[in-house]
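Here come two complexes built around subunit A, the first alongside subunit B, the second alongside subunit C.
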Partner chain A sequence: MGQWIIAYTPLVDLFLLHLGFAYAQYIVLRAGVFSLATAGLAGIGAYTAGVLAVKLGAHPALGVAAATLAGSGAALVLSLPLARLRGVYQAIATVAFVQIVYSVNLWAEPVTGGAMGLNNIPRTAGTGVLAVAALGTLYLVWAMERTRLGRAFNAIRQDEAMAATLGVDIVRHQALAFALSGAIAGLFGALEAYHAYALDPGQFAFPFLIAILSYVILGGRNSVAGPLIGTAILIILPELARPLAENRMLIYGVMLILVINFLPRGIADSLILAWRARRLARPEPAAGEP
Partner chain B sequence: MLAQQLLNGFVVGGVYALFALGFTLVFGIQRVLNLAHGAIFMSGAFIAYYTVAAGGPLWLGLALAVIGSGLISVLVEIVCFRRLRRSGDEEFGGIISSIGASLVIMTIAQRISDTQVLRFPFETFPVIIWRFWGLRVSALQLFMLALALALVVVLGWFIYRTAFGRQVRAVTQNERAAMLMGINPVRIHMQTFFLSGALAGAAGVLVGLAFSSIRYTMGEPFLMYGFVIIILGGLGSIPGALLASFLFGMGQTMLTAYMPSAISGLNEAFIFAALFLLLLFRPHGLMGREAAGALRGRR
Partner chain C sequence: MLRLRNVSRHIGGIRAVDDVSLDIPPGRITGLIGPNGAGKTTIVNLITGMMPLTAGSIHLGGTDITRAPAHRICRAGLARTFQNMRLMADETVIDNVMIGFHRHDRCALPAALLNLPSARRMTATLRRRAAAMIAEFGMERFAGFPAGGLSYGHQRRVEIMRALASDPAFLLLDEPIAGMNDVEADALAAIFRRLAAEGRGILLIEHDMRFVASLCDHVHVLDGGRLIAGGRPAEVLRDPAVIAAYLGG
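Let's look at the complex of A and B:
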C-alpha cells in the first residue's frame, strides 16, 4: 500500500492541481460566459507567487494570497470589456488575453526568466496542501450551487433576457463569476509554482487552455461533478495507456471522439439527463391494484 | 524597404487567406469551430512531401495534397460533427471531438515522420530571384501569391455564382428552410468540409515550400492565427476573412521588420492587444453580422 502511494503521488498531485483549474473554468461557463481566460489567470497567479518567492524571498502564504488577489483582480478588470461581447467573440478575446500574458512573461526576462523559465522556487506545497485547496474549492462550488447565486448563474446561462426581466443583474453576476474564477485560477497557479520548483511561460499557453476546457466539457459543464469526472478521466487515462507508448495520444484522441459522440453533453450531464428521463418515463403504479 | 515588406506581407497574407477561408466557411455553415483544421493543413504538407520524396513531380504532390486534405476534412465532418449535430450539441461537443481528431491525425503524422522536421529536396521549386525597382521577388513568392489568389477567386465563384454556392448560402442562413426547398444539408455539409480541407491542404504545401520546415505540429500556430483572422473579419464572412488575412499578414511582417529589437519580443502581445481592442469597438469583427457569434443552445 505504502509503495503504491509513493508511486502514484505525482499523478495525484497533478490531478489535484488540474481539478482546481477545471473548476475555475467551470464557474465562468456556469455563468454563461464563454471565457477561456483561465490559463492566462493561472499564469498571472503562478508568476506572481513565483517571482515573490524567488526575487523577494516572500513567505509562501504571502505569495499565495498575492496570487489569489492578482488572479481575481485581473479577472475583474477583464470582465468589464468582455461584458460587451458574446459567445465565440468572448472566447477569442480571452484567447487573445492568454496569448498576451504568455508573450509578456516570455519577454520580461529580468523578472520572469523568459524562455529559460523561473527556476529554484522553494517547494512548499505538498500533496496535503493541494488536497486541502482542491477540497475547499469543491466545497465552495458545491455550496454555491445551493444558493441564490447558483440559481442566478443558471438563469443567466439559460436565457439572458429572461434572467434580466426577473431582476438578475447580468453584468454584476458575470463580473462576480469572473472574480471567483480568477481567484481560484490564481490560487492554483501559485500552488503549481510552489509545487513544481520551476515555471515556464509555455506552461500556461494555448495547449493548457485546451486541456482545461476539455476537462469541463468532457465531464459535463452544468453539474458540479462534471469537472471532477472529466479531470479524473483525462489525467488517469494517459497513465493507463502507458504500455501503448507512442500510440498513447492516438488512443486518447479516439476516446475523446467516442465519449463525446455517445455522451454529447459530457459524461455527468448526459448520465443525469438519461436517469431523469427514465424516472419520468416509468409508469405510475395504478391506484386500485393489490 | 517598405515596398519589399509590403510585398512579403501580401504573400504571407495570401497563405493565411487560404487557411482562414476554409475555417470561416465551416463556421459560417455549421457554427462549429473545427479545431482539427490545423492538423488538416499539416496533412496537406505531408502528402505533398511524401509524393515528392517518392519521386513524383511537385504538381502531382500539390494535387494529391489538395484532394487528400479535402477527404480527411470530410472524414472529420462525418466522425466528429454529424452525430453531435443531430442531438444539437455540436457547439461545445464539437470542440472536444475535433480536438480528438486533431490528436489522431497529428500522432499518425508524428509516427510517419519519426518526429523529424522534413524539408522538400533543394530545387523542388526552382530558385529564381528577380530584382527590379529595388525589390527582391522570388518565383516561389509569385507562385504562392498567384495560387492563393486563383483559389480565392475560384472559391468566390463557387460560393457566389453557382447553384452549389446558392445552396451553401441557403443552409448557412437557415438549415430548416433550405431543407424545405429540397436541399440536402448533409451533402452540403460534406462538400463544404471538402472545400475547406482542400484550401487548407494547399496552404500547407505552400508553407512547406516557403519555410521548408514540415513538422507534425506545424498546424498549431496557424490554428491560433486562423482564430484571430476569422474573428477579425467577422465570423462566417468570406470577404471579411479575406480582408483580415491580408491585414494580419502585413501587420505581422511590418512589426517584425520595424519594431525596435528591445521590444520585438512583444510583437505577439501587440497583435493580440490590437485584436482585443478592435473587438471592444466592433464586437462583431470588421464585417461580421450581429447574430453570427451568438451561441445557439446554452442549456
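Let's look at the complex of A and C:
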C-alpha cells in the first residue's frame, strides 16, 4: 500500500495542479469569453511566487498571496481590451498575451533567469497543500454555479444580446470571470513553483495552453464535472504506457480532433444531456402504482 | 410614457427606420403593424439598446434612454420578446424563466461566490416565483422540460414569462402569436389585457389584423421605415395608404 502511494504521488500531484489550471480556463469559457490566457496568467503567478522565494526569501504564504493577486490583476487589465473583441479575435489576442508573458520571462533574465529558468525554489507545496487548493477551487466553482453569477454567466454564454436585454451587465460579469480565472491560474502557478524546485519559461507557453484547453473541451465546458473528467483522462492516459507519454502532445491533438467532431459538448455534458433526455422520455407512472 | 422622437436608423444608404415619432402610453396596448421589412423589429431593437440610433431620442418616463446600454434599459423598466425566439434551448423552462428575474437577483458578491445562506435563499425565492408564474401561464407540466423541445406556442409563452419576470413598466412584444392557433392566441390576448389593466404599457407588433384590432386602442402603421398612418384600428384599416402598402401598391 505504502509503496503504491509513493509510486503514484507524482501523478496525483500533477493531476491536482492541472485540475486548478483546467478550472481557471473553465470559468472564462463558461462566462462566454473565448480566452486562452490561462497559461500566461499561470506563468505570471508562478514567476511572481518563484522570484519572491528565490530572490527575496519570502515566506511561501506571501508568495502564494502575491501570485494570486498578480494573476487576477493581470487578468482584469487584460479584460479591458478583450471586452471590445469577440470569439476568435479574443482567442488570437489571448494567444498573443501568452506569447508576451513567455517573451518577457526570457528577456528579464536578471530577475527570472531567462532561458536558463529559475532554479533552487524551496519545495514547500506537497500533496496536501495541492489537494486543499484543488478542493477549494472545486467548491468555489460548484457554489458559484448555483447563484446569480452562474445564472448570469450561463445566459451570457448562450446568447449575449438576450442576456443584455434581461438586464445582465456583460462587461462587468466577464471582467469578474476573468479576475477569478486569473486568481486561480496565479494560485496554481505559485503552487507549481513551490512544488517543482525550478521553473522554465517554456513551461507556460503554447503547448501548455493547448493542454489546459484540452482538459476542458474533452471533459465538457458547461457542467462542473467536465474539467475534472477531462483532466483525469488526459493526465492518467499518458502514464499507462511509456510511448503514450512520449507523444503526449500528439495524443492531445488527436483527442481534440475526435472530441470536436464526435462529441462536441465533451464527455460530462453529453452524458448529462443523454441522461436527462432518458428521464424525460420515460412515461410518468400511473396513479396507484408503486 | 415611452416616447420616441424623430427616431432614425440608417444602414448604408438604406433608411431602415426614418423619422419615427410615437408614444406608448402606460396601461394601454399600442399596435405597430406593417408589411414585412417595414422596420418594425428594428424599432424594437432601437428602443431596447440592441442597436444605436442614427438620429432622434427615446425617453422612458423622465429618463433619457437614447444611448443607454441594453442592460440599463432593462433596469429602467423595459422588457421585450423576440420574433425569432431566443431561449436557452438546452435549459429547463424554469431556468429560462429564472434568468428573467436577473434584475431582482441580488446578493453580496462573497455570498454569491461561495453560495452562502443568503444566496441560497435568493435562489429559492426566485425559483418559487418562477414556478408560480409558470403555473399562472398553465405550464406546470413543462417546468422541468428543456425549452428547446417545446411546441412553438409554448416557447412563445416562455419568452413572455421571461420578459415579465423583470416586472417591466413597458413590454415590447415582437409577433407574440406567430405560429399559434386561435385558442392559444385568445389565451395570450387575455393575458395581455390583464397586463395592460395592471398599468403596463404594451407595444404589440403583429401581422394578424384581427388580433391587433381586438386588442389595441391605437395602431401605428409602418411602411418602408416611415409611419404612414395612425389611429383607431377600424379607421386605420380603411385607410387607402395602408391598404396600398399591404397589397404592395
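Methods note: the second predicted complex is superposed on the first by the 264 of 290 C-alpha atoms of A that agree within 3 Å, B and C clash if a C-alpha of one lies under 4 Å from a C-alpha of the other, contacts with A are read in each partner's own complex, and residues count from 1 in each chain.
By definition in this document, a residue touches a chain if its C-beta (ideal position, glycine included) is under 8 Å from a C-beta of that chain, and two chains touch if they have at least 3 such contacts.
If you're wondering where the values come from, they're calculated on a predicted model, not measured in any experiment.
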Larger residue footprint on subunit A, choosing between subunit B and subunit C, goes to B
If we overlay the two complexes on their shared chain A, which of subunit B and subunit C does A:T147 touch? Say first, second, both or neither. second
Note to self: Taking the superposition on A as described, I'd like to know which of subunit B and subunit C A:L256 touches: first, second, both or neither.
What the structure shows: first
Request  = Report for A:L280: first if it touches subunit B alone, second if subunit C alone, otherwise both or neither.
outcome  = second
Subunit B versus subunit C as contact partner of A:Q99, first or second or both or neither: first
Task: Applying the touch criterion given at the start, work out whether A:A164 contacts subunit B, subunit C, both or neither, answering first, second, both or neither.
output: second
Counting only touches as set out at the top, which of subunit B and subunit C does A:A155 meet: first, second, both, neither? second
Dual-contact residues of subunit A (subunit B, subunit C) 158-159
Per the touch rule, the subunit A residues reaching subunit B in their complex are 32, 34, 81, 84-89, 92-93, 95-97, 99-100, 102-104, 106-107, 157-159, 206, 210, 213-214, 217-218, 221-222, 246-247, 249-250, 252-257, 259-261, 264-265
In their shared complex, subunit A is touched by residues of subunit B numbered 33, 35, 79-80, 83-84, 87, 89, 92-93, 95-97, 99-104, 106-108, 110-111, 220, 224, 227-228, 231, 235, 263, 265-269, 272-273, 275-276, 279-280, 283-285, 293-295, 298-299
Counting only contacts in the complex, subunit A reaches subunit C at residues 139-140, 142-144, 146-149, 151-152, 154-155, 158-159, 161-170, 180, 273, 276, 280
So, in the complex, the side of subunit C touching subunit A is made of residues 48-50, 69-71, 73-75, 79-80, 82, 86, 88, 90-91, 95, 98-100, 102-103, 105-107, 111-115, 119-120, 122-123, 144-146, 149, 162, 166
